[in-house]
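Should a chain be cited, it is by its letter among A, B, C and D, assigned in written order, with residues numbered from 1 in that chain.
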């Protein structure tokens, strides 16, 4: 079927995020206030929050992470939006992107003109094994989890199948992590505003200070091969192949396109949107393809009337390094089996021909699950407006894409953004 | 046949009897593992249980070092990892399972494409947290 | 502001629910299949499930009840809808009604014509105290729950304030429970297809059979005053003032109004929809008013162009008996302080002038949290089409309302339905 | 003043020092209990902590017999119920709290409108699961 156009155009006129990291003593509501304020400050001509008419909240599992359900009206209250409708949207790690898509539909429905889309997750209060348990609930807890699969485990299995099929190696994956840390080092809100080399230097300085044996890594690759410094999480994925446990929030303000100039002279239009679902990982014919991403991006490209080659900049869902490689193929940026070669060759670096994850991605920026999809839109807002600071892609790109995956790919949502 | 069957609980009961059972649609012939009550191909709700051979092939795998709570309680940890994998049965469906008969400390020796067969706990051996286990019987 | 109309008309052309009750060994997916099949069978001219374009799922906390997140694509797969977009909507006990509202917006947006709205909750696997804990997460877990409040506790506090203000008594509340059991007794899918008198007879028969002392209640009121038979949960609420722990699912099929006749000659049009949020209970000026319900119903009435007196039949959120009394005032059916008198006088009985909860309500039908809002629409579908069997309201009403509350009223969503 | 304060953690720290603290907006004067960092009336983010008198009035209450896990662990159950309530402070805000100084076994003797005052655990008494407790000091 031919993808339809939205009933009404939709634009982003404000976007902001909290710092990402681990923040003991700060609850979801505190993170959300910080993101909301950052969003508000980004609205060039100012925003009276009383003009917001509805709020969508992407959140994966405040239930398990904080023991808090019914999070949406609570967040709405904490930023002063009561009594507008407030609802939570959940599709695991794609919750933020799916909330954004619902915000777009709300404007297109004609019922709302000014919509807040937020995302939040407070993950660091739980011990690591319970974070592992909680993330695993995005798989099928009856048929997948009792097999011993964890969330890294699912993607690690995709990686072994991909490596077997195409000849990629653990080193191919490391190229993705190195690149995303290079970008994250230029993002002051990232959880790791550090390159791998910066992290090595910090560890050496720490060992010297404490009088411990000082590591003698020759280069980043030697560091990444050190079992102590970069332990295996789920083979072939090591620590630096995995996005961290993160607390954070993000928020974007959507308005009907015809109202956008009331808020800014540089709105970012959302011209394509797609979403699809899929079965459990074991049930798919090929574990090296995220079919929901293929399908969602196809929908978004068709709605926007563009081809993959038109995309100047993409924020993709690198929950694990292998995920970024698969995404770069699912989105049509590279042929099947070529994504890892592109990563190794540096084609996806910030100044390469196909920049991916200039924000640092989930790997370096951090991955507060329900906020990540919204934070992708925040990065694109900055880049398309030429306001990304030290990590600004040269030439100020005019067309960008975000790709947000839930679970192992049971959900994918893709958006396409344009500066006009 | 109750339309309310083909649940996970019934599937587990079969496993406890050392039967790996799938559901087959009596309308279109599609075979489902995990079993399901409603056919997603023809939308009929007319299934029958069918025992599988338990032979298959390893499609993908991982060696899990950072383990979930249930596996931690079962004695696994960072230094005692285990292997999870996707197994394509010879009858067609693919399922998630714990994989034995491989060296978890040398993942580079584990091969996608290896032949596997289902194994059940012997006698009154504790089945542990993973009810479905396949053993690698030969390399591809 | 004047409430707007939807960009496109929306109609229900199919609706069904699973049996409600406690079903050991049946997971959410099994309940959802049953509801889906009931919905499918209700479509007069037949439904090819492949024509469904998106699925919304109301679910409160599969996370805590079943340890399963990312429930929407899983449910979509289990009924064969993959790869359509599938997302979960959460607003505590209002999750189902809010999912319905999002389904309506999806049609209105012009992007979708045929939308499945489902709701599901599997609650009975947990021990009672953990169900109590889980339901309490709908309150503010930082500021309300450490005060000892449970979910019945919140509504019990509203009841003490209401009783103090207006002179209502525990017996006023009992009138609501008796009425809803009378209705539930006529609903074969209800968890309690039994009047209070039926329950008394069953207990007497059971005692006789087991050779235990046989209770000698003179009438229903004596039974309801018996501390053994009807223990206090949270004073003044007793067991028969509280909705039960329930497993269940429900589903409705929404289509653009201009397509409705392809599916049935008797579609039910949704002519009004409203939603609002509120702060925590302690933060409201008056604990005897659910302001979100007042506001959501005002929106819905205005969109539908009707007055409260036009409503022939209402399914309201009687999670507790006091909640039904407050609802009957919040919705404008009765003046403030008159709701309990109306209940005592039987005005809300099935054959009274203002029938409320002909299905048996959450009290007798059961309250699988995320399914309840959708199941309300199922009852209205039956009643407006004159297909409610033994509990059919005479004269086949043509205008009905549903009212679904999340938490203590931090969310309320109201819909108005019309047979034309 | 860090814009990141007025958290629940800071509120609890005040309570542990026997201070019931609210946040007051320095822009419009609104007082918040629970404390919050952002004013929902004027949207300023310029709060200061302010100690409350701890005196107030019972607005609503309940006697909880079916208790949550935390209260079960603290020794409450169906036969040993406790009272929770909403307390309107004399400074204006209303808060949820555990209520003492009443007879939980005779709920009909508990009165909406009763005067209450905050009580803190004495010495190194365990504060229990409820960090905020008010005692009824006189009937209305």
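In the analysis below, a contact is a pair of C-beta atoms (placed from the backbone, for glycine too) under 8 Å apart; a residue touches a chain by one contact, two chains touch by 3 or more.
Source: prediction; values computed, not measured.
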Margin query: Quick check: more C-beta contact pairs at A-D or at A-B?
Written below: A-B
Item checked: Farthest chain relative to subunit A (centres taken as mean CA coordinates) -> D
Next item on the list: Let me have the rounded angstrom distance from the C-alpha centre of subunit B over to the C-alpha centre of subunit C, please.
Entry: 39
Check: Centre to centre, by mean C-alpha position, how many angstrom separate subunit A and subunit C?
Finding: 36
Notebook entry, point to check: If you average the CA atoms of subunit A and of subunit B, how many Å lie between those two points?
Noted result: 32
Margin query: Two-or-more-chain contact residues of subunit A, please, as numbers and ranges.
Written below: 27, 77, 82, 133, 140, 142, 280, 283
Next item on the list: Specify, in ascending order, the residues of subunit D that touch 2 or more different other chains.
Entry: 8
Notebook entry, point to check: Can you name the residues of subunit C that touch subunit B in the complex?
Noted result: 24-27, 29-30, 33-34, 36-37, 40, 49, 77-80, 82
Notebook entry, point to check: In their complex, what parts of subunit C are in touch with subunit A?
Noted result: 4-7, 27, 60-61, 63-64, 66-74, 76-77, 81-92, 98, 102, 105-106, 108-111, 133-134, 137-142, 275-280, 283, 291-292, 295, 406-407, 410-411, 413
Next item on the list: Please give the residue numbers of subunit D that touch subunit A in the complex, ascending.
Entry: 3-4, 7-10, 36-41, 43, 45
Item checked: Residues of subunit D that touch subunit C when the two form their complex -> 8, 34, 59-72, 76, 78, 81-86, 93-98, 107, 110-113, 129-132
Note to self: Touching residues of subunit A toward subunit B in the complex: what are they?
What the structure shows: 128-130, 132-133, 136, 140, 142-150, 152-154, 156-161, 164, 231-237, 280-284, 287
